[in-house]
Each structure stands twice: as structure tokens, then as C-alpha cells.
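In the two assemblies presented below, subunit A is common to both, partnered first by subunit B and then by subunit C.
Up next, the complex of A and B:
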């Protein structure tokens, strides 16, 4: 068992921020390279003229998910040391809905808006300004949101456990579902009128 | 390997891009034990700015005080460095693929002004929602899904489901 490397002390803690910059660069490069700096390309997923978001997002999630399960299976990575995003049912749903409206209005999510800013998109710069404004409003009005913020806490639950199946079976089914979606998306793309952007 | 669009700009094949993206995310988990993020860097910056301008206000606030402990500087967090790297990485990609240009991208049916107002409002809503869900598309949805977090899958479905409906509400802005 040697990973995760920094929590296990294989790599010293002082390297943490160096890796933050390097991994961030990889993150930014592949996002921009895949076209996520363009809001009209991103939004294409919802009208069916460009499914790049669906394809990139699910390929990335599945690659990382299978990689982590594999490394944990061969005893190289301690899964219990990974940070599992905690589940707060109500705020996960309502927060997601608010973000979804923001996504449809602004055409970006935070990560993609930073990519847009980096290549000079002025609409992305306004989106980032909006992010700061939104976080500031939320922080100042926190007492109004506090109850919702903390409600429905379930701890760090795994989706596979809540569906009563093994991690590997869930990963297998999700991969099949994603491959099905990719074929469906490609089929639709060929039939939907192209939009120039 | 690459898709040449009619506009002349070149993008990575989406499956290759997604695979490389997945490898970066996997490396992040292997090295740090945590995933990637984006909205957390905004939160750190806002908390740090408020703490600098009005330290007593930050200390008394139920939200800022979670992130501005006595000696822990929120600016000095992993996600801020990661986002600085992201900006550099995206800039490099823009340089390689020849996409560096100041412009407002919008549908020909709307004005730049309308696009910018919607971008600002959309950003503000995303900012509020990401605080409620304790993460955005990167930190909650994508990184959550990679470690099979139930909350990550729920937030992902809520974001994309809602965006699908509202994209059609705001159709004129896009196509």
C-alpha cells in the first residue's frame, strides 16, 4: 500500500502546492484543448449539435473511477484514505438546480470559465466576476441558507452502497451506460442541423 | 486524432481529451488523495478578501469563519494554486491551437451586451449553487463521481438535468 502518496507520506507535504500547479496545468490544457473555453460548444450538448461535454465529462469520470478501483484492487492505493465528497441530499439537489440555471444562462461552469478567461473570452471574464459576486452574496446571506446547507447529511456515502451493489459492478454498469450514451449522441449529432459558432 | 471545425479551429478528439482529463484526475487522487476543483478557489479568494478588508466581520460571520481560522490563510490553499495552474495550462493550449483572442462569443441573434449580462447573472447563480452543494461541476460532480460519491452523482444529475431544461428556455441566447 503506497498511495495516496502525500497522505501516506511517500511525497512530503511541502510538495503539495507544486503538484497543485502542475496538475492544474494539465487540467486547464485538456479542458481548453477539448473546446471547453467556448460556451456555444459547451451548450451544444443540450441542443444536440455538439455532444463534446457529454463525451469528455463521462470519459474522464470513468477513466478516473476505473483507475482508482483497479489500483485499490491490486493493493497499491488505500481507497479509505481518498476524500469522498460528502452527501447532503437537500443541498446537493437544490445547489445543483441553481447551478444548472446558471449553466444555461452563462454557458460555463467555474472550471470552463477559467479556461475561457485564459484565452481572452470576455463573456467568460464576466462569468467569473459573477462567480465572485455569487459566492459573496451566499457568504453574506449565509444565515438564510444555513438550515438548507446542513440538511439531509448522510456522510461520505458511496452510490454503489446505496444501490446495494459492489463498486466494481456499479463501475461496469456505468461504463456500459456511458458507451450507450456515446453511440446515441453520435447518432443524434449526425441527424441534427449543425450550428455555426 | 483531431477534429477540424469549419471555423478553422482544432480541438482534441473528445474521447482522447476525456481520457487525458481522466488521467489528470486519477493522478490528482493518487498524489493528493483528493480530486480537482474550481469553485473552492473562488470561495478562498472571497474569504481572504473579506478577511483583509473587514477582519472582525469575517470572524463573526458563520460562513467565513469556517475558512479563516487564526493561522490558516484561505488564499494559501491547494485549489488556488490549482486554478493558477489551470489558467496557465489553458493559455498554453490556446497558444498551441491558435485560439488566443479577445472576444465576446454569442449567438448572432443577440447583442454582446445581452450575452455579457447573462454571463454575469449565470456566474452569480453558479457561485451561489456551488456553495450550497459544496462544490461545482469539477469538485462535486466530476471528482465525486470518480470516487463513487452519492452526492457527486446527485449533483451531476441536478446540474445537467436543470441545464437541459433551461437551455431551451434561453434558446435564443445560444442558437
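Up next, the complex of A and C:
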């Protein structure tokens, strides 16, 4: 799970869970620090008064992307050892819509809801209860969804490969797009009435 | 806009642009010495002369024989279908595609084992897949297939079968009738007339590395 040091044998496999806990704590700390435990802040993305979710997640993505590509290009990291989540096109689109609706309705995504629970927010606790209920229903009814769940399988594809460009060029273009989006979001935030929360 | 954010944004763009500039070392694939050690000790890379012969006669489309001897020796005699890549030009980029044809088994051979094995090791370090070495080289091939001695009548059934296979192969390669007993010395020295189908060195025929 915690690549690439464990698959490469630098750190024994038994440390896997220790790293999972440490990384989870770091993730939660940053989420809470960015104000993600507030459903009003998160929902701001959908109403246009607060784009911090977009900014934080995109910054994390491009930072990790640039860092990984540097490590790979100077030969410290073997890209092939990284786990790339396989793409199931149809189920990803439908799942994305379901997740998005839940996100906009509940004001949390799964990660931030646990952050909210940790600081004692009641709406977050209800959200997590709903989350587990959903997981339970999905698991019990899995045979019904199985066909959809496995549909549109594309393997572990990378956008850069599908577009036929190098990883570095794609990373550069994505960084430009992200920065453009940050400035655009800030510009939009100024024009939309600030909601106090 | 906060000045700090502008500076961070510029930093991110500069770092991303740096990716485009620095050389990509991940593309220079090279096997680590540890995996090389394992590979060198693994005898699975060796293919017997009889196996190669059987594949040549059977017209195995996956077989790609690679003759690593110098060109002048290759021109005098080579196994049918073999492509000449002299040992000193194994790493030449013009052969990269030939060595990386998907679905092909590249079998290196030289007169003995040494040169073919050296070529194998070089290609292995560059992570070329499906590479093998014909054990014993052309010398063993010639001694067993072309002038293989008849086994004693008390030999095992396997040995006798092998001998009849080799005799049939000899006929295939030389067109000669059955030669009983050891050929005379001058006969052996004569270059055997073999109808070699010389394949021109393919510059590049699809496939990638």
C-alpha cells in the first residue's frame, strides 16, 4: 500500500499499517487545518463563495505529481511499482455523479466527514452514519450492481498515455490549468457575496 | 491577490517546466546488478541445438536467430533465417527494434558460447525480453547435427530417437543421403553446401522497445 519503499523492500511489509496510520493522521490534520471539517466551507465550492476545496485538492495533486515525476526522472523511483487505480469508465461516471450529489447534499466528502466527527460535529456524525448505511446496502445488493460495477474497464490507464503526450508535458499543462483555475476561482470569489460562517 | 500565492504559483509553474527540461532517466531502462546476478545464474536462457534445429525445420514463426559472429563468418555460413548482429554492434540503435519484436524469441548463437552469452548479458541489462542462447553454439550444432556419430546399438531408445532426428535434420540442412560412420577429414573441412535463406537485416519492422 505505502509505495514505493515497501514494495522495494527498503522498509519491511509489517510497517505498512504504521505508515497508513501516520499518513491518515497527516491527511486529517491538513484537512482540518484547511477548514475542511466545516460543511459550509465545503459547500461553498458549489455556491461559488469559497473555492478552498478546489485549491487544496488541486495543490496537493500537482505537488505530488511534480514531486513524483522529479523522483522518477532522476531515477530514484520506479514508476512501475506505483499502484495505479484501474479505470472502470461507466461505473466511475455513475459513481462520480452519486458521490457529487452526496457531497453537495451532505456538505462532506467521506474523508472530511471523519474530520468533522473527530472534532465533534453532529452533522458529520449523521453523515458518517449514512455513509456506513450506504456501504452496507451496496455490499448486500452487490450482485445487482456487479455488472455495472465492472463495466467500462480500461485497465490502469494514464491520461498522458491516452493523449499520447509525455508525462512531463501533461504535468506542465495540468499545472498551468490548475494555476489558471486558482486565479479564476479567486476572481469569482470576490464577485460573489461572501457567506459568513 | 496575496503576494505569497503569486510567488507559490510561479514556483509551481517553474518546477513543472523544469520537468520538461531535465533528462528523463526513468526511460533508460537498466537491470540492477542484483537481478542480473539472478538472471545470469538461471540456466533457462539456454536452448539446445536440437531444439533450435527442430524449430528451424518446423518453421517456427516466433524463432528469431541472431548470429553474433563477425559478418565475414556469417556470410560463409549461417543457420537458415538468422540475422547477423556482430557482437560489437549489439547495442546499435538500428537493431533495437529487431530485438524487441513482440512475440519473437531471439536466440543468440556464435561459434561457442562466449560471444552469444555476452550478447545475451548486454541485452538483458537493457531489459530486452525473450532472449536466449543456443548452448554450445555452431560448433556443437555442427558436431551433433551435421556429423553426429551413430550411437552404439545398445544405446537407450531416447538416444536412438535423437540420432534419427539428427539424421533427418542433417538431410534437411545438407540434402545429403544418410552418411554412415564418421565422414572423412577432407569431407568435413569442405564448407557444407547449405541452402541458406539469408534474410536481409531488417532495419525496423514494427514493434517497440
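Quick note on the criterion: the second predicted complex is superposed on the first by the 194 of 197 C-alpha atoms of A that agree within 3 Å, B and C clash if a C-alpha of one lies under 4 Å from a C-alpha of the other, contacts with A are read in each partner's own complex, and residues count from 1 in each chain.
As a working rule, contacts are C-beta pairs under 8 Å (C-beta built on N, C-alpha and C of every residue); 3 or more make two chains touch, one makes a residue touch a chain.
The structure presented is a predicted model; accordingly, all values stated were derived computationally and were not measured.
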* With the two structures laid over each other on chain A, which partner does A:144 touch: subunit B (first), subunit C (second), both, or neither? -> neither
* Residues of subunit A touched, compared between subunit B and subunit C (which is higher) -> B
* In the superposed arrangement, does A:179 touch subunit B (first), subunit C (second), both or neither? -> second
* To do: Based on the superposed arrangement, let me know which partner A:75 touches: subunit B (first), subunit C (second), both, or neither?
  => second
* **Touched partner set for A:11, first subunit B, second subunit C, both or neither** => first
* To do: Based on the superposed arrangement, let me know which partner A:188 touches: subunit B (first), subunit C (second), both, or neither?
  => neither
* To do: With the two complexes superposed on chain A, say which partner A:130 touches: subunit B (first), subunit C (second), both, or neither.
  => first
* Asked: Touching A:64 in the superposition: subunit B (first), subunit C (second), both, neither?
  -> first
* Structure fact -> Where subunit B and subunit C land on the same part of subunit A: residues 62-63, 77, 167, 171, 182
* Asked: Once bound in the complex, which stretches of subunit C touch subunit A?
  -> 1, 5, 9, 12-13, 15-20, 22-26, 28
* Touching residues (chain side subunit A, partner subunit B) in the complex -> 3-7, 11, 16-17, 19-35, 37-40, 43, 46-47, 49, 51-52, 55-65, 67-68, 71, 77, 81-89, 91-115, 117-124, 126-140, 142-143, 145-146, 148-149, 154, 156-160, 162, 167, 170-171, 182, 195-197
* subunit C touches which residues of subunit A in the complex? -> 62-63, 66, 69-70, 72-75, 77-79, 166-169, 171-172, 174-176, 178-179, 182-183, 186
* To do: Would you pull the subunit B residues touching subunit A in the complex into a rising list?
  => 6-7, 11-12, 14-15, 17-36, 38-39, 42-43, 45-47, 50, 61-64, 78-94, 96-97, 99-107, 115-116, 118-140, 142-171, 173-175
